[in-house]
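After this come two complexes, each holding subunit A, first together with subunit B and then together with subunit C.
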Partner chain A sequence: MASTALRRLMAEFKQLSENPPEGLMAGPISDENYFEWEAAITGPQDTVFEDGVFIARLTFPQDYPLNPPKMKFMSKIFHPNIYADGRVCISILHAPGDDPMGYEQSSERWSPVQSVEKVLLSVMSMLAEPNTESPANVDAAKMWRENREDFKKIAHKHVRMTLEEDPPSESRNT
Partner chain B sequence: MSSDDEDYLYDDDSDDSGNESTVNQDEDDDNDDFGMDIGLGEEASGSGGGGGGGLMMMVSGADKKGSDHAHPYEVLSTEQIVEHMVDCIKEVNSVIQIPTTTVRILLNHFKWDKEKLMERYFSDSQEQMFAEAKVVPPYKLGAKAMVAPDLGGRGVSLSAKSTLECEICYLTLPKSLTTALECGHPYCNSCWTEYITSKIMNEGASQSIECPGNCDILVDDVTVMKLVKDSKVKLKYQHLITNSFVDCNRLMRWCPAPDCPNAVKVQFVESRPVKCRCSHLFCFACSENWHDPVRCVLIKRWIKKCDDDSETSNWISANTKECPKCKATIEKDGGCNHMICRNQSCRADFCWVCLGPWEPHGSSWYNCNRYDEDEAKNARDSQEKSRAALQRYLFYCNRYMNHLQSLKFENNLYSMVKDKMDEMQQHNMSWIEVQFLKKAVDILCECRRTLMYTYVFAYYLKRNNQSELFEANQKDLENSTEHLSEYLERDISAENLVDIKQKVQDKFRYCDSRRRVLLDHVHEGYDRDWWVYTSDDITS
Partner chain C sequence: MSSESPPPAASGDNQDELILAQKEAIAQDIASNASLVGNLEPVYSLEREFSHDAVFMTKIGNLKGRYAELRRTRPDGNCFFRAVAYRYFELLLHRPDEYERIKALLPRAKAQMIELGMPTFTLEDFYDNFMDHVDRVGQAHMDAQQLFETFNEPGQSDYLVVFLRLLTSMQLQRNAEFYQNFMEGDKTVAEFCATEVEPMYNESDHIHITALTEATGISLRVIYLDRGSQTEASLHDFPDQGESAATTPLVHLLYRPGHYDVIYPVKSTSESGPATSNATVTTTAELSS
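Moving on, here comes the complex of A and B:
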């Protein structure tokens, strides 16, 4: 199983580096371990996160792609669907069996045909349009709904912080 | 694909019950790749040969409950359950004529309610029904099935020559090594196998395995059987399917005895005793041990009460007081009424009697004369109430446990009686003449079981004339049961043998009749609304 996972991750990495989607970058942290990736996501234009470059960690299970990776932001980010410790709560990272409440359509959830690229694109659009229905960070959801100006201020502060941080590791080598 | 795959799912080879095998009419079809004996993989033949329906199974007479209930029930082994399921499928299939494997998914969607399925099928919302059940309507996939008639089931191996990239492992493979459901999303067979295996083994899924792509079409049995090679996985899949069949079926229930593979099927749902082939006797409605004369709701409550810590808290409130400052629970085991709380951060001085601060008590160390009529009364009342409730519970619980304990020695009793019977046969009695002893133990155990549950019933009962009558019955039965038990303990010698036999027989007949009287009285009470319960939310 792990060999399928490795093969698939290598293929995905190759595809992502040959054809990187706009605003996204991702790859294994080291050549020895293809199951730990780092990704950089640019804040979408015309949103409060514009211009920020947010770094996240992706951890893949041995039976990938049967089960989804876990994703955690390393950069500080204040967002209704991201826990205070950076873990991302998004339907595409949930296995179909994980949703006892029935909030999510199965088409939005993880399946083996999803990919790192699709996950990152979903996260990107989540940054632009938070889902405040089932928030991971209740404070952020409340502020997003009730006090957009304060939310913007915090987001801008975090965007500035990402620009002062080290750039993502891929570009560090250059 | 060879006939190696014939061994699992709906396999009725191991049929040992002498049932009418009406299910093999597809067996002669050599094109059936997956060889399931009952032809699940075949298109609806339209013959409806197996359409005899659910009640074709013959069950040996011993499994039928005769006298007490007009409606017999059946005990079904795992194989019979599968057959039964197949019969159900065939019955529907003979009417609506769509592939059996689709019928199973549909039936499962309707919780095996055939009528509901037929109703929806012949209504306007047929298409919607297929969508809800997550299958592609069979009339939409005619074309594909025509092109590849050699392929069983809904899983269609595309046989075109070109290659295809599997979206799961990203390998490019010839199309012949890939499989797609009717939704047309092809993946390579080894990814399919991994995917299905993981769903079955890790998630215990059988009904809800969807296409791995972002679509919700369900994987059918034939495809599973074709793609999965590991026999352990196949077996588990079959278990999961039968499990969900029984669980969904209101008229069926697994025998709750540990490791018992049988299920019981009745003709309509009611609270009634059913006896499994493993000799476990249980209530069909609630799966608890048969609990006449108590009703299911009460026995549930009682079991919960006995399991809960609720009685611990009753004990605490009856026997302890709280520190007025830090609320620590205190049990007083001696000494004067001047209490100093041991809690290091509290150290409150207070009076045990009035729970007020100690200071005003001055030097009157041994008693409290600050008697506040109302406050003291309230405190006393509430304490007495919970003390009384606890005592009441303990009264009934002790008696219940007592009979339960005696029943646990049931096996010892049977073996002891067996020794006695052997002994008596040496005293020139024939085998048939000593059988009364076994019968006596049977009745003794039944009486104990009934008595045990009468205490549960009594615990929830409010006093009235009928409950007095009930208690009189209970007392009489209890007395005579203990007598019977005592007779069985007596040593039997050649001299007293005839005498004892007479006494035991008289006693057990009496016990048996008193037991029936008691039960009949309680049942009559249910019918005539005699019983009033201690709490309002109990409805009988």
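Moving on, here comes the complex of A and C:
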């Protein structure tokens, strides 16, 4: 099972390296393990996350791309759709039926024709436009709705942290 | 600082993870009890399972005259697609006419999929893999045993299933106006494809079968073994040829509520050996027209 997954991940990595989408970089953490990737996502322009470079981990299942990867931010980020521990909560990372957050019928779901690139682009738009309907971080959702100024301050602080921080390590703040 | 350190995720999250873990456990249980594609068994092996049920027993009894063997597939939601794929590849082993036909058809289908907006890069991954297997089987670089092993290797087997799902999705979306009539509620055909057709492990219905047979030109007969009151299992041909079905479909499936297996007619042209003579080729060309 892992052989088809490995072949696909290698092809996706090649594709992403040759034609990197603007603001995105991703690849395996080591040549020995193609099932663990690190991604760097630039905060979209004209949003509170502008200029930040947020680091995330992608963990792929052995039956990728039949099932989606899991994604977790290693950089500190305060966002309605990101759990306090960094896990990303977005419909494209779930197959239809796996319905933790009760996503809308029409929201984009995982299917084997999706890709790492598609996931990262979706996460990028999620940074720009949080979905406060089914928040993973209730406090962030509340602040986003009710106190945008404070939300901005926290976001700016995290943006600065991403620019200062050393390359991320396993020991993320918890 | 306090506003930056929100409390741990709500307990609802744990609930969801428990449900997902349970679904995973059920899937693993099924996986350990059933091969993706099983060995040939005589049709009467069904009698063991239904010995307590008079309606099923009568229908199985009547099936025995027409069908000799059965090949079970794993009940994982992909059984329809896997059963069709397996039986079709098996036919390709000795149907050069069918190999030529599908080899000409698939590139057109791929172009139509791209036209519909399916992502080229990932689509090609599944297309190339499927085509590669069509070639290997069609050019005799793979024999029946290797085919059986391929279909029981989870990654490879599922890759072939994905491609048939994409073909089905393509056919539905290209004919969205027609298929919209069969959608429940206000679901669009595109939404149906995204949630019920393309993702793995979603069971197939009449509409999937119709679309796949249209997209591929693979004719199919489904024998329905259910609790209906007749003594004969009812059958349905795709495409529907009405009462006067002159030709025998290529692929035969046995349906039991919620599941499809491959079933082999007593006398199947395709099973009579490699199509070496011109006469056989003529016959099969008629079949597939």
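In this text, the second predicted complex is superposed on the first by the 161 of 174 C-alpha atoms of A that agree within 3 Å, B and C clash if a C-alpha of one lies under 4 Å from a C-alpha of the other, contacts with A are read in each partner's own complex, and residues count from 1 in each chain.
Here is the rule we go by: a residue touches a chain if its C-beta (ideal position, glycine included) is under 8 Å from a C-beta of that chain, and two chains touch if they have at least 3 such contacts.
No experiment lies behind these values; they were computed from the predicted model shown.
Superposition of the two structures on subunit A shows subunit C clashing with subunit B.
By the touch criterion stated above, A:Tyr83 is placed in contact with subunit C alone, subunit B being left untouched. In the superposition on chain A, A:Ala136 contacts subunit C only, with no contact to subunit B. Contact with both subunit B and subunit C is seen for A:Ser111 once the two complexes are overlaid on the shared chain. More residues of subunit A are in touch with C than with the other of subunit B and subunit C.
By the touch criterion defined above, A:Leu66 lies against subunit B and subunit C together after alignment on the C-alpha atoms of chain A. In the superposition on chain A, A:Arg8 makes contact with both subunit B and subunit C. Of the two partner chains placed by the overlay, only subunit C lies in contact with A:Ile154; subunit B stays clear of it.
In the superposed three-chain arrangement, subunit C is struck by just one stretch of subunit B from 58-66, 76-84 or 382-390, namely 76-84. Shared interface residues of subunit A, touching subunit B in one complex and subunit C in the other, are 1, 4, 8, 11-12, 63, 65-66, 96-97, 106, 111-114.
Residues of subunit B touching subunit A in their complex: 167-171, 185, 187, 191, 194-195, 198, 203, 205, 208, 210, 212-216. Residues of subunit A that touch subunit C in their complex: 1-5, 8, 11-12, 15, 63, 65-67, 78, 83-85, 95-101, 105-106, 108-115, 118, 136-140, 143, 150, 154, 157.
Those residues of subunit A that touch subunit B in the complex are listed here as 1, 4, 7-8, 11-12, 63, 65-66, 96-97, 106-107, 111-114. Of all residues in subunit C, only 3-10, 12-13, 16-17, 20, 23, 118-119, 121-123, 125-126, 129, 153-156, 158-159, 162, 166, 187, 191, 194-196, 198-202 touch subunit A in the complex they form.
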